[in-house]
Structures are given as structure tokens and as C-alpha cells.
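By written order: A, B, C, D, E and F. Residues from 1 in each chain.
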Amino acid sequence: MLFSILIYGSAHNSQSAHTAYRFADSALKAGHKIHRIFFYGESVHTASELSAPPRDEQNIHQLWKELAQAHELDLVVCIAAALKRGVMDKAEAKRHEKGSFNSQAPYELSGLGQLSEAAIISDRLITFGA
Amino acid sequence: MLFSILIYGSAHNSQSAHTAYRFADSALKAGHKIHRIFFYGESVHTASELSAPPRDEQNIHQLWKELAQAHELDLVVCIAAALKRGVMDKAEAKRHEKGSFNSQAPYELSGLGQLSEAAIISDRLITFGA
Amino acid sequence: MTTLHTINKSPSNLALWHSCMAALLPGDTLLIIENGVYAATHTTIAEQLSTLEGINISFLSADVQARGLVVTESNNTSIVDDQQFVNLACQHSKTVSWF
Amino acid sequence: MTTLHTINKSPSNLALWHSCMAALLPGDTLLIIENGVYAATHTTIAEQLSTLEGINISFLSADVQARGLVVTESNNTSIVDDQQFVNLACQHSKTVSWF
Amino acid sequence: MQQKKILLILSRAPYGDAHAKEALDVALTAAAFGLPVSLVLTQDAPALLLKSQQPQQIQQKNLASICSALPMYDIENIYIETLAAQIQQITLDQLVLPAEFVNEAGIALMIRNHDVVLRF
Amino acid sequence: MQQKKILLILSRAPYGDAHAKEALDVALTAAAFGLPVSLVLTQDAPALLLKSQQPQQIQQKNLASICSALPMYDIENIYIETLAAQIQQITLDQLVLPAEFVNEAGIALMIRNHDVVLRF
């Protein structure tokens, strides 16, 4: 089965990013494929590498990064939702004349079209809400 | 009258940061003083200078910054809430071995004690919720 | 020692609205802001607000306008601007925010 | 063409729970996750869930444990783990998330 | 590839949070992708279509204006949940575009008849 | 300076979002500042005190453990809203610490009698 996952909940004020992570991990362990993880709304903060939770708490940015690297997952962050919330990669930082950036691969900024494409391609699109 | 303001709502997914801004602006125009603005919970993202909203939309980071500079306001961001959400100044970025930072004066990272102190000192503490 | 209460969630959050209305005492003001202003046209909440005795009900003007609603002013119900919001916070000895 | 519905808000969000329960059709599964699992001990919602006919009700195990609740399994009610969550998503042709 | 029909169920009021705006962005993008999109406005969402909205003072974009552009993107299946509109005393003549009422049973059937359902 | 009495009204369930944890952090800090703190748990918040909580699998801190430390910080005025507890079928013997019931009228009086009231 080919899954895509839409995450809408805040990275650090909602359990949904972690529930989505457990779902993705379980789906991969069962032999399913994941076409794309799409971060939208408040969930775009997941892509910020500046997140520094206490050592005994979950690091959701790191969890997704490691899962993506292990399974070559496509982590797409909605670019419009990300820019207004202060999540940007090197190219966007330059374009917006910012002195620094806080996001990089495997997180990738792209348009909402990637969500529509995921809906078309995948057997199942599952949302983890705010 | 000496006010302090506690902002709890998300900077970019809640109207409350903007309502709080209008309240602060009106209080200052009426001749009141503001002891402190305390950013807690999801509102800490307000302190990120990487925020790049479309030009025809409000820039809440900039609005507070300009109000603070015009009136020497004390903008305090809860450090624990900020660090886990990826909002940090130069000193914290160094301490957490991050390659960049996204917050600086007039926003200032400090502890929750600053909220208790504001509650003690101020005539009124008003919350703008999530 | 009266209180200025603010509420910013739409009345579809009934549990919040019920808790808030139960916490009002004579002399208090309930200032309705942001999505809370949908209370003005909500069938059951609008009626309950009109029966609260000794409580001032205010709607924040900018939010009523933004959402295109009509608020009928009466003895205990008014529309206030941002400056009057500040005055209300001064006139009551504390504020409580329902969200 | 059946649906897997998930719901992640506590039953104190009655408007959400009512919309969700009204959207269930025979053959659908309602998987209750995160703060939704408080439905297990909520007086009115727990009873309404038990009267839904032709609907499978599942609670996500990790969330039930986290919150220290007890779920009574029955004909139409079960506790599932993360792996079974994935299976449910496969068995139904689409998912709808109530939040 | 078979064309998938998308149903968007909106439930939030405008301006208080970003849900309504972000849901409309999804609708417009999906339509631009050539996907057939239906919209259902439930709970607090019918107020999104009120033509009287004037959000200048709170410095937000007028969402009614965005909604009025939906037909230009071939999004013409726009439904309002009957009870939600009644609770907020919203009538069809107050809206920026033509919409139809649908009840809860109708929404259940729409969910079953669409391929992808997104809620906001 | 006169000492101000602080009332914290919690309304959210644990784990779904950060409200409960962040409210407890405020309570502990205010108490460390020497302020008299009272806690009232309303709506979904009484579940915060259930001793049966085991959040290891969802990788969050056990909030019941944090709550059980409240008396060590001299936070001993802990109240549970009666109806909220009844709706969730929560009884006092299930809790990590002693708490008292309070009804809605009692909460209204507590708000009036405290100097600073924060809700979460």
C-alpha cells in the first residue's frame, strides 16, 4: 500500500506530529511504502533545526529526520505556511534577505501542489490534525 | 496604571498576538505604562526574526519590535518554551551548538520568574489566550 | 474587586462558554473578542447573555466588523473600541481570559 | 468504499464529536486517538458510542495507557496498537480526521 | 489514472486562526491541479461566506473575497450544513456566492462518495 | 508590598497539547517566588491527577508525577470542579494527591477573592 501523510498539528503544542511519526514507522515496518509526508499549518515548525527540547523529552525534528534518512522519505514542508512562520532554508533566507536559515534537507520547502499530487498518487492520504 | 501582558496564543495561527498588540498600543496612547510583555506557549514564535509573511499581511514580529523600540518595552520570551520550539538568541545558539540563531533584542529570553515578577509588580496582568 | 472577563472562542465551544458564564458575578464585565463575537448571532448563547443580571456585556468593535456581524446594543450590552477595552481593564481590579 | 475515521479531541468538544458520530456509516471504523480516548470514561459519549450499529469503535492503546484509562472491550469496541492502526487504514478505502 | 474527487470539510470560523485561510488555499491549489473539488462548510465555517466581513482593522485578508473567487476556479459545489447555518442565523442571501444546504446525513453520503476527504 | 494571591485555572487534558505542562510550570515558579498559589482543575483538567497515567509509549513526561510534587512546593490548595470530575467518572481515590471538590459558584468566588487569575 502506498501512503501519504498530511500533518497539520503544531510540532510542539500538539501530539499529532508524534502520532503521525509512530504511524509512519509502523507502516514502514509492515512493508508499506510512503510517498510523501506533507507538513502544513503549524506543523511546519517541525522542520526547524533550531529546536532544542530538554534531553529527556522527544525531539520530533530529529525523529522525522532519522526516519527520512533511513527510508529515503520525501519530507515536504508547505513553503507559504513555513515562510510566514519563520521556517526557511538557505535559498529562501537569501531571497528574503535574512542573515540565517533554520531548515535543510531532508526537509524540503515546496508548494501546496505537492499535497494535491500526493492525494492523486497515493492509495491512502491520512491526516494528523491540529 | 501599570500593565503587564501575557501572550499565550500562537504568533501565526491565532489572532491573540495581534489583539494584544492593539491593546498595548491603546494603553500607551492613553498614557498608561507597560511593565512587561511576556511571551509564553506558542506565542514565543513571535520572537523569530525569520518570519517572512507576504507583504500585504501583518508582520507581528515587526509590529512588537517597533512598539518596543518606541516605548522601551520589556519583551520577555519564556526561555524553556522558546528553546523547545526553536526560538533562540546568539548565546543560546552557542550553548546548544547550533549554527545559527533567530532572535535578538528587543526580544529577550528569560525564565518564568519574569512572569511571576510581572504579576507582583503590575497593577493589572492581562492574558491574551491561544 | 470586580473582574473583567474576556472570551475569544466561538460559542460552538459550549463547555468554555458555560464555564465562563457561570464564573460571572454582579459588577463584572464580559468582553467578547475575536471569534467570541459570533455569540452575537448564536441562537442559544445570545439569549443566555441577555438574561445575565448585573453583568455588563461588551463586544470588541474591530472583531464584530471583521466578521460582518450585527450587535444589538441594549441596557446591558454595548460595543466598545480598543481604547474602551483599556478603560475596562482599569475599571476592574483584575482580568480573566477564557480561551 | 468504507471509511476509517480518526478523532483526537476530548469529548468536551461536543460539537466535534456530534459531527463526527453523525458522519459514520455502516462498515466504517471510528479510531479514537490522543485526547479523544477520554471518550472511554465520558458519561454521555461513552453511552452514545455503545449504541452505534454497524460501526467498529477502536481505541489507540498507547493513548489509553498514557492517560491511565480503562477501556471495556465488547462486540463493537476494541483496543488496537499502532500496527493495527496501519491495518485499519489499509482495510478502509479512505480516512477522515476529526480534530 | 482515474481522476480523484476531493471533498474539503471546513469547520472553523475565519480570522481567529489560520485554518479557514489554509483550507481555501488547499481548495484553490487542488482545483488548479484539475481535481474536482467540493466544499462543505460545517460548525463555525458558514460565517466564512458572509459578504459583510470587513477585517481591515484586524489587519487580515478578507476571506469572503477569496471565497467569491472559488467559481472562477471551477469550484461550484459549495454546501452549508443546515443546522450550523441555523444556529448562527445565517441565510443564503447574506452570502458572497450561491451555496446549497446539506444536512448531516447528506454529509455522511458525500464522504462515502468522494475519494479523498480533508477536514480543516 | 502586599503579597498577591494567585489562582491558576486549568482546563485542558494532559498530553494532547502543552497547556497542562506549561500551566504546572507557572504554578511551580510562582510558588518558588513565594506567592500563595491555588489550583482549580476544570473541564478536561481533573484527569491530570490520575495516578494510573503511563505516557512512556507516547514519549512524554508523566504529568501525574509533576503534580505529586506540588505539595513540596507548598501548593496545597488544589480543587477539582465537581461536575467535570463526574462527567469523566473521576473519584478522589484515583488521584495522586488530596484534592477538594468545588462547584461553579465556588470557582466564581475564588476568582473574586484572588488578586491574579491565570487560565490555561
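Following the convention adopted for this analysis, a residue touches a chain if its C-beta (ideal position, glycine included) is under 8 Å from a C-beta of that chain, and two chains touch if they have at least 3 such contacts.
Just so we're clear, the structure is a prediction, and the values are computed from it rather than from any experiment.
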Any chain in contact with chain A as well as chain B: E, F
Remotest chain, chain B as reference, centres from CA atoms: D
Most widely separated chain from chain E, with each centre as the mean of CA atoms: F
Whole-Å separation of chain centres (CA-atom averages), chain C against chain D: 35
Euclidean distance of C-alpha centroids - chain B vs chain E, Å: 34
Mean-CA-position distance for chain F and chain C (Å): 26
Contacts with 2+ other chains: residues of chain C: 8, 12, 15, 34-35, 62, 94-99
Interface hub residues of chain B, defined as touching at least two other chains: 8, 10, 12-13, 15, 19, 41-42, 57, 80, 125, 127, 129-130
Residue numbers of chain E (touch at least two other chains): 15-16, 18-19, 43, 58, 60, 116, 119
Interchain pairs in contact, sorted by label: A-B, A-D, A-E, A-F, B-C, B-E, B-F, C-D, C-E, C-F, D-E, D-F
Residues of chain F touching chain B in the complex: 1, 4, 6, 18-19, 22, 25-26, 29-30, 32-33, 35, 116, 118-120
Touching residues (chain side chain C, partner chain D) in the complex: 12-15
Contacting residues of chain D [partner chain A, same complex]: 6, 8, 33-35, 60, 62, 82-83, 85-87, 89-90, 94-99
Chain A-touching residues of chain B, taken from the complex the two chains share: 10-13, 41-42, 45, 48-54, 57, 61, 80, 83-88, 92-93, 96, 98, 100-102
Residues of chain D defined as touching chain E within the complex: 1-3, 15-16, 19, 22-25, 94-99
